[in-house]
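In what comes next, subunit A is part of two complexes: it sits with subunit B in the first one and with subunit C in the second one.
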Partner chain A sequence: MSTISVKSITKNFGTQCAVDHVSFDVYPGEIFGLLGPNGAGKTTSIRIVLDIFEPDSGEVTVFDGPMTEAKKNRIGYLPEERGLYQDIPLEYCLQYLASLKGMDKEVSHKRIDAYLERFDLNQARKKKVKELSKGMQQKAQLISTLVHEPELIIIDEPFTALDPVNTQMVKDILKEQRSKGKTIVMCTHQMHQVEQLCDRLVLINQGKSVLYGSLNEIRKNFTGNVVEVRTHETLPENIPGVTAIRHTNQNGDYMLTVEEGITPQKLLKTLINLDIQLEQFEIASPTLDEIFIKIVTKRDEGNE
Partner chain B sequence: MNKTFLVFKNELLTTIKRRSFILTLILIPLGGFILTWIIGGFGRNTQSQQISELLVPSSPPEQEVYGLIDKNNLIDSIPQDYEDVVLPYDSEAEALSALKEDKITAYYIIEENYIEDGKITLVRPDFNPLGGNNASYMIEDILTRALLSDDPDLANRIQFPMDLEYRILAPETSRDPNSSLTFFLPYVVTMLFYMVILGSSSLMLNSITNEKSNRIIEILMTSIQPRQMLMGKIIALGLVGLLQTIVWTSSGYFLLLLSGRSINLGEGFMLPPSILIWGILFFLAGYALYGSLMAGLGALVPNLREASQATIFVVIPMVIPLVLLSPIIENPNGALAIIFSLVPFTAPITMMTRLSAGSVPIWQSLLSLVLIFTTTYFVIRSVAGFFKATNLLSGSAFNLKRFVRAFIGKN
Partner chain C sequence: MNKTWLIIKHEYLRHVKRKRFIFAVLSMPFFVLLIVGIGMLTAIFSTNNSPIGFVDHSGLFKNPVMPEFEASLPFTKPMQILPYANEEELNAALEAEQIQAYFVINENYFENGSIVLVANEEPDSTVLRDFREFLNLNLLKDFPKDISNRLLEGGTVEVRSTDDGREMSSDNIFAFILPFLAGFLFMIAVQTSGGYLLQAVVEEKENRTMEIILTSSSPNQIMTGKVIGNLSVGLTQLVIWIIVGIIGVVVLQSNFPEVQLAQIDTRFLGLMVLTFLPAFVMIAAMMATLGATATESREAQQIAGLFTLPIVVPFWFFGVLIESPNSPLAIGLSIFPFTAPVSLPLRAAFTTIPAWQIVLTVSLLFVLAAAALWLAGRAFRLGMLRYGKKLSLKELFKKA
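For the complex of A and B:
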């Protein structure tokens, strides 16, 4: 049973089609990446999932049914446009937002105390939100997303404008939440961040879903006939089964393009037989950025 | 779970704890108290005229003396009360000489054929059409007394033909209709009402645009239904406005009591007790109507700056009774006053003006309230229809066409 099931949703704003027949499923306990460049339709898709926008067509189920007010209390959402009430004390602001998520006052007090301590915001609890630094406000927003212990966490562009320390903190928290069995949807255009965290993903471009599946499967499907090799020796100009050798840097890294029909195992045997001292032998897998560029370029060529 | 109460509680607490709100709530009555205290200190035993004397100190008035030449010998002697200001002269030459020597300001000549044609000539050195006829009432009085010297009672009756005494059948009028303050009071009530309704409904606009500019609205959309949010805000800010109205009105009432003792304003400034109840009802009705309109406006404007510009479209109907204030006060039961006090958008202020200017048939006040609340119901329904994420998260600039379309359900 999926936590979120999106079936062929479409949303138009005037003449502009923001989301065009997008479908995906998110399963319990996974980090799911909703990826795509800026303006691809990620945030609109998320807003449709959260029942903020109604789709023009298509269907969304959350926790095995349509969205209800009660279900919204089981979701933690950190929107791309971060915001908090600016003119009230931080602690009061967090308590009010927690109460809107149906939290009991005493429980929310305890949890907020614990989070403020953990995020090093204890000293700032009585300060007005507008008096806090940007980093502190981002931490506070994360607290308001997590304080009611949601089963489903949806975070839109989680790493935008974060320094490396806070980026790592968010990553650690997301991993921690996954280990607790929470379902996480991470919506971002920073694909390299997704590679370290996501189990599965959907890639959206110009409102359309262009790639969907587990990260490993996708990589496997897009893995070409290139092998990365590192050795301190100089490679011979001709290696059986290799059509091209490229010296990528001065550290002994080479990219070998393998003939069709030659498996990496066969090539490895050949290199050992040639008595080459190998430090590294790896099937080159493309990054998500490379895969995305490849897909988009192919589509554009197809459209021409 | 209905979260209206949570929004209500938060709006109420955050608004009344705001420093600017507390200052406005306290400083306005405090300013009044200080002013009253100063005025009271200046003249405990004096009349209200001393307020104007305090503001515009006057120099002792210069006594103007007039000459009178009676060519018909109608006047035996100048009455005692005018002896110092009207001097008789036997000839025009004497009067002219006195005028040149600045002994008199001007002189009147009762011409020879006065009995036939009533002709009297005023001779003065300068052209002063507005203020130059100041002494004529004295000459009239002197002549009336002289002509009817045989019948002083008749002379007196001609001078004061009507000693009017009011007997008002309306049960609650305790004001003195002769007092100039009776005329002044509806202006005060109207302006106060305009301020509190506009102030309270603007709180609504500020609240929504603040949430938009703080970018918290998207989080709220995933936590609470827009309608619950709207209702929570309307009720809370209505109570805040009511609190403000009660504090200001009570302070004003207390201030009047204090003023009554210190500067003796008299009954002209008294209001019947029922006007306070009507005041609360019309405030609630007016606030509910304009607060909902402001909420709709808040949903459609991207920020506070544009909100202030757009407010003018909503405030125009509220300003109409202010523009027509004089005719409404002069004739509080005239057609104009009745029409504007029944049209829901102008009714809250117009009805309060009427109630403070005179007696209003109770059925008209009740009908007015019913019409305002009915309109408010439809406005809230309409606003709730477009108080949704598509509009709340939109950054589109405000335009009147979009506002009207949204209200008629075409957004």
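For the complex of A and C:
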């Protein structure tokens, strides 16, 4: 049973089609990536899922049914347009937002205390929100997303405005939430950030879904016949089973395009037989960015 | 806990707990007190209560009885009237500023009432009244006490209508002042809480908190919470002012028992509540709609004045409402939702309003208030996520 089920949703703003027949399912306990470049329709899709917008056509179910007020308490949402009430103290702001998620006062106080401690915001709790730095506000917002321990966490561009240390912290928190069995939908254009995190993903471009499935499967489908090799020796110009050798940089990195029918194991054997000292031997798996660019350029060629 | 209630509480406490609010609330009575105080001081300093002298050539006032004058203002002495033997003494006393003026009662006063008032500066306005009282009292001193008292005090006229027991004492100024004051306070309260509300709605947009709020509660809960929360701020202000006002009236009455207070007509109060509350909600919800469709608070504030303007209109026709409360204009003003809250209770003070008019006005207000709230919720949902873009009226009524 899927936590979110999106069936062929479409949304137009005037003449502009923001989302065009997008479908995907999010299953319990996974980190699901909703990926795509800026303006692809990610945020609009999320807003439709959250019942902020109504779709022009298509259907969305959350927790096996339409969105209700009660279900909103089971969802934590970190919107792309970040914001907290600027004119009130941080602690009070978080408590108010937690109470709107149906949280009991005592429990929310305890949890907010713990989170403020963990996010290093203890000093700032009595300060007005507008006095906090952007990064601090972002962390505070994350607290309000997680404090009611939602079953479904939806975060839109979680890494903007965060430095590397805080980025890592957010990643750790997301992994921790997944290990607790929470379902996470992560919406971002920074595809390299989610490669280590996502279990499954959908890739949206210009409102259309262009890729959908588990990360491993997608990678496998796009893995070509290229092997990355690093060595301090000079490679011979002709290696049996290799059709092309490309020197990627001066540090001894090479990309070897392998002949059809030759497995990486066979190539490794050949290299060892040639007595080449290998520092690294790796089957090149494309990054999401590369896959995305490949898809998009292929489509454009098809359109022309 | 109900989320609407949480939003009401948040919106209410946010303002009420602030120093700015306390200051705004207290500044009004303080301001009134200051004006009254300054007025009193000016009156006290400008009052000349040095005695007046007189010389009697008619022989009617040989052993005069002095009326018991009361001080016209606090901290002043009551007026004194002193007899003198002749004009020379009076002139000397006037020069020496022992008296502020003197009266010469001529020989044939009894025949033609001839009296001369002599003063170097314009005497205080009470001088003539006080001296006349002195003359009357002395002319009547041989009559029985009760007759002379009745003659001197005159009668108390009470105006009644034949249709019901409503009555109006001619010196009951409160019958006029109360509706006027109530309307005035209503206007201020609408303006203040409307302003708060407008700010509270636009703020969600400026702070970009909408999406969080919308994914925590429904647009209708948010709007209802905001409208009621911010209106309560205005009402709190109003109630505090009314309490201060009542205290002021009680203090006034205990110091000046002659100021007659009307028993406040309970029907007037009832009508006031029935029209003020829905009108309050209606106007506020309209302001909220405006806030949700506008892009920034400054822009919204400018248009907000348009909603408070019609409330003032009945004040322009105050005379008509009082003198001919059953004229078509007066009836129209009391039915039109924007002018009803001031006009209807005002008319009720001067005439008996047919039940159908009251029912029509009040139900119209309640229906419009509900409709305005609904519209506000809709505008919130549609307009709030359009940062920097305006929501047109057409879009507001189209399907989301």
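Methods note: the second predicted complex is superposed on the first by the 304 of 304 C-alpha atoms of A that agree within 3 Å, B and C clash if a C-alpha of one lies under 4 Å from a C-alpha of the other, contacts with A are read in each partner's own complex, and residues count from 1 in each chain.
Methods note: a residue touches a chain if its C-beta (ideal position, glycine included) is under 8 Å from a C-beta of that chain, and two chains touch if they have at least 3 such contacts.
Predicted model, so just to flag it, every value in this text is computed and none were measured.
Aligning the shared subunit A places subunit B and subunit C in steric conflict.
Touch criterion met: A:L50 reaches subunit B and subunit C at once.
In the superposed model, A:L100 makes contact with both subunit B and subunit C. With both structures placed on the common chain, the touch criterion links A:A70 to subunit B but leaves subunit C unconnected. With both structures placed on the common chain, the touch criterion links A:S144 to subunit B and to subunit C. In the superposition on chain A, A:I88 makes contact with both subunit B and subunit C. With chain A as the common frame, the single stretch of subunit C that clashes into subunit B is 313-321; none of the other options in 79-87, 115-123, 133-141 or 313-321 do. Across the two superposed structures, the residue set of subunit A contacted by subunit B and also by subunit C is 47, 50, 52-53, 69, 72-73, 75, 77, 79, 81-86, 88, 96-97, 99-102, 144. Contact residues on subunit A toward subunit B in their complex (touch as defined above): 47, 50-53, 69-70, 72-73, 75, 77, 79, 81-88, 96-97, 99-102, 144.
Looking at the complex, you find that subunit B touches subunit A at residues 1, 3, 6, 10, 14, 18, 210-211, 214-225, 389-390, 393. Listed in rising order, the residues of subunit C touching subunit A in the complex are 1, 3, 6-7, 10, 14, 203, 207-218, 221, 381, 385, 387, 400. Of all the residues in subunit A, the ones that touch subunit C in their complex are 47, 50, 52-54, 69, 72-73, 75, 77, 79, 81-86, 88, 96-97, 99-102, 144.
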